[in-house]
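Just below sit the structures, each encoded as structure tokens.
In the two assemblies presented below, chain A is common to both, partnered first by chain B and then by chain C.
Moving on, here comes the complex of A and B:
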């Protein structure tokens, strides 16, 4: 019945957005409506009446979303433990705006999707996404933004009532991970090298920022500001450090076969946090004099006095990384004397991350089309043939590794400054696999796909599971265990149904299912052979 | 291209000096930057000379570690030998095996001291569970991917690994069940799962922690061997011999060797290749289950993340010995076991042992990727 009216893409759009509307509610209806509109437009068939059809479907789905959201606002939200939804975001006006957004974006996207000129279509899409990305922070934060009290840094200061959930923080993290996914895409997607320790470069970038843009080192030398070099300078150092680590790790190992390479990179990903964790009391002597002193039987301070000291031997050992405690605070970027970024004032961060992402995407896009980019892909497709055509395998793979590492370095540096705190725990093996899952899910080798994968995974990671947890908890407390709300049984069931506890399994499942069902990803790479005929 | 072909008569002496200087420079740098890890040869030599029994003592505990590592490593090496795939999920199968063994031992003894026969009996459920689990994973996750590029099944295995780790983590939630039904005495033993999902879970102490050398050599004997060490070593030897017998003397074992050498030819000879591969996974899994019980009895605790480190050590052992080669796995495990227990003792933190094992892995892969006993495409399984 439903299949007769809607096509497959539209059914997916309905199911997805209905689910989102159900668990989000409140002001989030705006985001859900825009998303629904875009999905409907993309799913529109290539026929003459596609645009009016999309508008009609958009209206229908918009109504569904409004109905579900009002159900959420009036019913689900009364369960215990839910966020407060400001009354402004559940008025008829809000619903009408959401309906309009849904229809409008469905129409617009369907129109763009049906443009015949490939180039025009691409530019129109990018323009639409650009406008959306630019507008996002301005309408995301609150229902009823008051422009007379406008503060660029903290938009919610101008809100009459704050939105119940802030999306902008997760979206910035999504950009950071998107940047990393694009970098890993160079290594794994273009060059076909399975890198399971990509987080190592992220960590190196982050710690470079942490060491050179905080008082961590300076405090111990006695001049606190000696190693506070500023965000805009250090981010280049961080990228360079990560790229250098890529060279260091890659040079000996890139001759290895694919499966061995995976293990070795996994090792690097594991070693870097260990090293970082243990560099909290560093004493370095000149090895030969130390050897002689220790062989003579001197230990501790006696050995230190008898040998040549290089770093932190007398008094306190040099605490480079603060071990598991981590480095904090890391300085934020400054725009001259005009404005200093602050933790919690998300909008400026958002735009820096967006610029970083867009510029990197453009750079990688052009790189892919260049000689070296084509060499990467040819190595992935057939190493032997590529070698026969005169491509230096190790050098080309090494370039992929280094450039991929560089982008992770940028991401790490930004991340360190953004969170103002880094510790080794933030760089464990699961991060490598999450980034890999982004590349695999979206479509390895395709920047758009990879960014899509990053958005989906980060959405699950940072928003969806948390929301699901709150809602499931609410249903359990308010409906199932209403009489024994905090009894031991409900504690047990709560911990068993805690959606966030299944995070790792969900990412694992994504990997397995994608490999079995669609190993090329949601949006596969458009190689010359696969490009659709005009 | 190859620079040695170019006429370079001007530089030979420089190159010869460089050949000597480069290793020296590398060693110097390693000693310089290895100091935070405790890599101070002077101190190490003093410590070992001052108390030479350290070496023997660590050799013994290294042997016990190696016994466990061997059994896990064989699982990796058998699967690699037959389908050339690194089964990342193997380490988590092992981890779940420790959980099953723990629940079996504690559940059946009901809170009182677990008798030895029950601990030995625990091998049966652990091995059956892990073998079955590995076979099921092979059947439903890997089998259809075998014809695809290797990277595809490796990623699937990685995903499987994550799923199993999460299962191991979530098992801990059941610790809240006894609170929910305080009157039900039959489930109170679930408290063994620890306070939180991620907290380590203690195994019951089955074997006393006494020095078995004391009754023989008197109380002043400098070495210490506990019964658990003897037990894991004996168990490992039994398992390895049973496996070698199985592969060498049974029809299924012969079929496994045939499939490892040439699957197509084996299929033509009427061997059901799918079934044999499945069997290989099952046996590898069963061994992981055996290793899990050994691990529990020897180390005395487990948690959801024990798979990672042990899997890493075992995989390294398999590669060092020559992947695809069972004897090599045992030899590699011996090396890794001894090195890791020595470095646990002598370096500043056991974290560095992990790093050290990784460095060994990288060095072996870079300089001798076939391992000690392996030869390219040679003896397998």
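Moving on, here comes the complex of A and C:
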């Protein structure tokens, strides 16, 4: 019966946003309402009455979302273990605003989606997303903003109630991963080279920032600030270092094909964290310094030997990366003397990450439409034919590898500064796989798709599963096991239903289902001609 | 224009070309015929540098091509419409054609040649935004030839243009080869359909298991009794 009223896209929109409303409740009702509106607008059919229809459907779904949110606020939120929802988020005014946002965005998106002129449509979409991205931190931080206590860096300072359920931190991480997914998309999506060790470049970018923008190296040689070069400079070094690593790894391996290349890149992905782990006690002293001391006739005397010591003499081995302990603290960016970024003050970080992402997306988009972009795709399509067209296969593949690595270097440098702490564990093989999953899920070869894939996976990873865990545990303790709240049975069941523990299984399941249902990804690659119609 | 001198090519240990020599003069259509498995595609891959000859030399207007990588050879004016067409399936018709001009930098010249290709193959213009993989076999052959022409080649290598096409389409394709011939494009045509190939060519070579069995003007070969028996399906 539902199918008669709504089309497939609208049903997906309803199901998705209703689920989000159920587990997020009053905290994120505005975001959920906007998301619902956009999805409905996109799902609206290309007919004359699309806009009024979207408005009507938006109103219906808005009411559903408000009802579910209200249910969450009044019922689920009273269960044990929940963070108490502030009264601001469950007033009639909040609900009406959410309803208005849902209807408004449904109407607006449907209108834009039905514009005939492709160019106008693209610009309108980008403008809408730009405004949303800009406004996001302002309405996301807290349910009620008090302007008398407003602080740009830390908007939650102006909140009437502070929340732990903020999306802005996860969204920044999402941007970092989105940047990486776009970089991997060049290698795997455009050029068709399966890279299973992409995390290596992320690690190299992050460690470049860690080493050149912290006191890690300076402390070893007695002048702590010698290697504190500042974020804005080092991020370029990090990108360059990652790109150089791409050249170094790529040059000998890109003659390999398909599976063999994947295995070699897998190896590089493993090598880099291991090298980082082992660079915690470097002694160039032992063979070389001893040898030099001997030549200079300074044998036997320890002090004399120390005078020709190169690096890390005697007990003082040079600790470059701190091994598994990791490097911390890594300095944050500074805007002259005006403002220094701080951990936990998310908004400035958010905008830097946003700019990094948008500029990169634009750059990659232009690259794809250029001569080299066509060459990458042609190699993926048919190597032999590409060769016969006069494409230098090794050089072109190497370019893809280097440019892909460069974006991962940017991402790594930002990540290191943002978290202020890096250790080899953060550059595990699973990161490579997750980034590849983003590319495949969203649509390999399509920038928008890849970013969508990154958003979906990061939202599941960083937000949804945590919330799901809290809610399931709340329901179990408050409803099912009310009388055995701390009994061994409830502990067992709670750990069994810990949603975060099923993360990798859920990603795997998503990939399996995608391959079965829509192997080309959610938003498949479009040919250039469809982007630029004649 | 193009000259092969005593070229030996191997696939691993298999001796595929046993010292073939061949000349294509400027403005000529020369055909290389032979039964399937005679190694007809191998000379083309060798000329383009995708395979390396172990012995012998390949000259383009006196310049040695033998040691050059494929992209340098394309740059010097040797383009190919390969066997099986090898269209870039997920790229548009326009992008496929642009790939043909990959080694060129003269934008106005490329645009001009694209118009020429569309004049030669009006069908491609209708399909300009479509993905290469969605074209029919005949259209893909046209696209493959158009793509090779986009390089503004000094010598165009055409590998089995009739393969897998309906007779009416084969006739169309060969009409276009005649048209190219009259415009003065130099073509080396490898073809299994010997009668058709010899009917458009100036001269022909017959390849048998990696060796040149016969060569001469196309008209003479058409009437040669051994060719008739082996390749034209006529008894004498």
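Quick notes
FYI, the second predicted complex is superposed on the first by the 497 of 534 C-alpha atoms of A that agree within 3 Å, B and C clash if a C-alpha of one lies under 4 Å from a C-alpha of the other, contacts with A are read in each partner's own complex, and residues count from 1 in each chain.
By our rule, a contact is a pair of C-beta atoms (placed from the backbone, for glycine too) under 8 Å apart; a residue touches a chain by one contact, two chains touch by 3 or more.
Here the structure is a predicted model, which means the values were calculated and not measured.
When the two structures are aligned on the shared chain, A:391 is found in touch with chain C, with no touch to chain B.
Of the two partner chains placed by superposition, only chain B is touched by A:504; chain C is not.
In the superposed model, A:260 lies in contact with chain B only, and not with chain C.
Legend: residue contacts after superposition of the two complexes on their common chain; A:371 is shown touching chain C, with no touch to chain B.
Shared-chain residue A:381: touches chain C; no touch with chain B.
With both complexes superposed, B is the one of chain B and chain C in contact with more chain A residues.
Contact with neither chain B nor chain C is seen for A:338 once the two complexes are overlaid on the shared chain. In the superposition on chain A, A:479 makes contact with neither chain B nor chain C. Residue overlap on chain A between its contacts with chain B in one complex and with chain C in the other: absent.
On the side of chain B, the complex with chain A involves touching residues 28, 31-33, 35-37, 40-43, 45-46, 84-86, 141, 144-145, 148, 150-156, 158-167, 169-170, 173-174, 176-177, 179-182, 197, 308, 312, 315, 319, 348-349, 351-352, 354-355, 358-359, 361-362, 365-366, 369.
Those residues of chain A that touch chain C in the complex are listed here as 371, 374-375, 377-378, 381-382, 384-392, 525, 527-530, 533-534.
Of all residues in chain A, those touching chain B in their complex are 192, 194, 196, 252-253, 255-260, 262-264, 267-268, 270-271, 274-275, 277-279, 281-287, 290-295, 297, 299, 303, 310, 429-430, 433, 436-437, 440, 487-489, 491-492, 495-496, 501-505, 507-512, 515-516, 519.
Listing the residues of chain C that touch chain A in their complex gives 48, 50, 69-71, 73-75, 79-80, 82, 86-95, 98-100, 102-103, 128-131, 147, 151.
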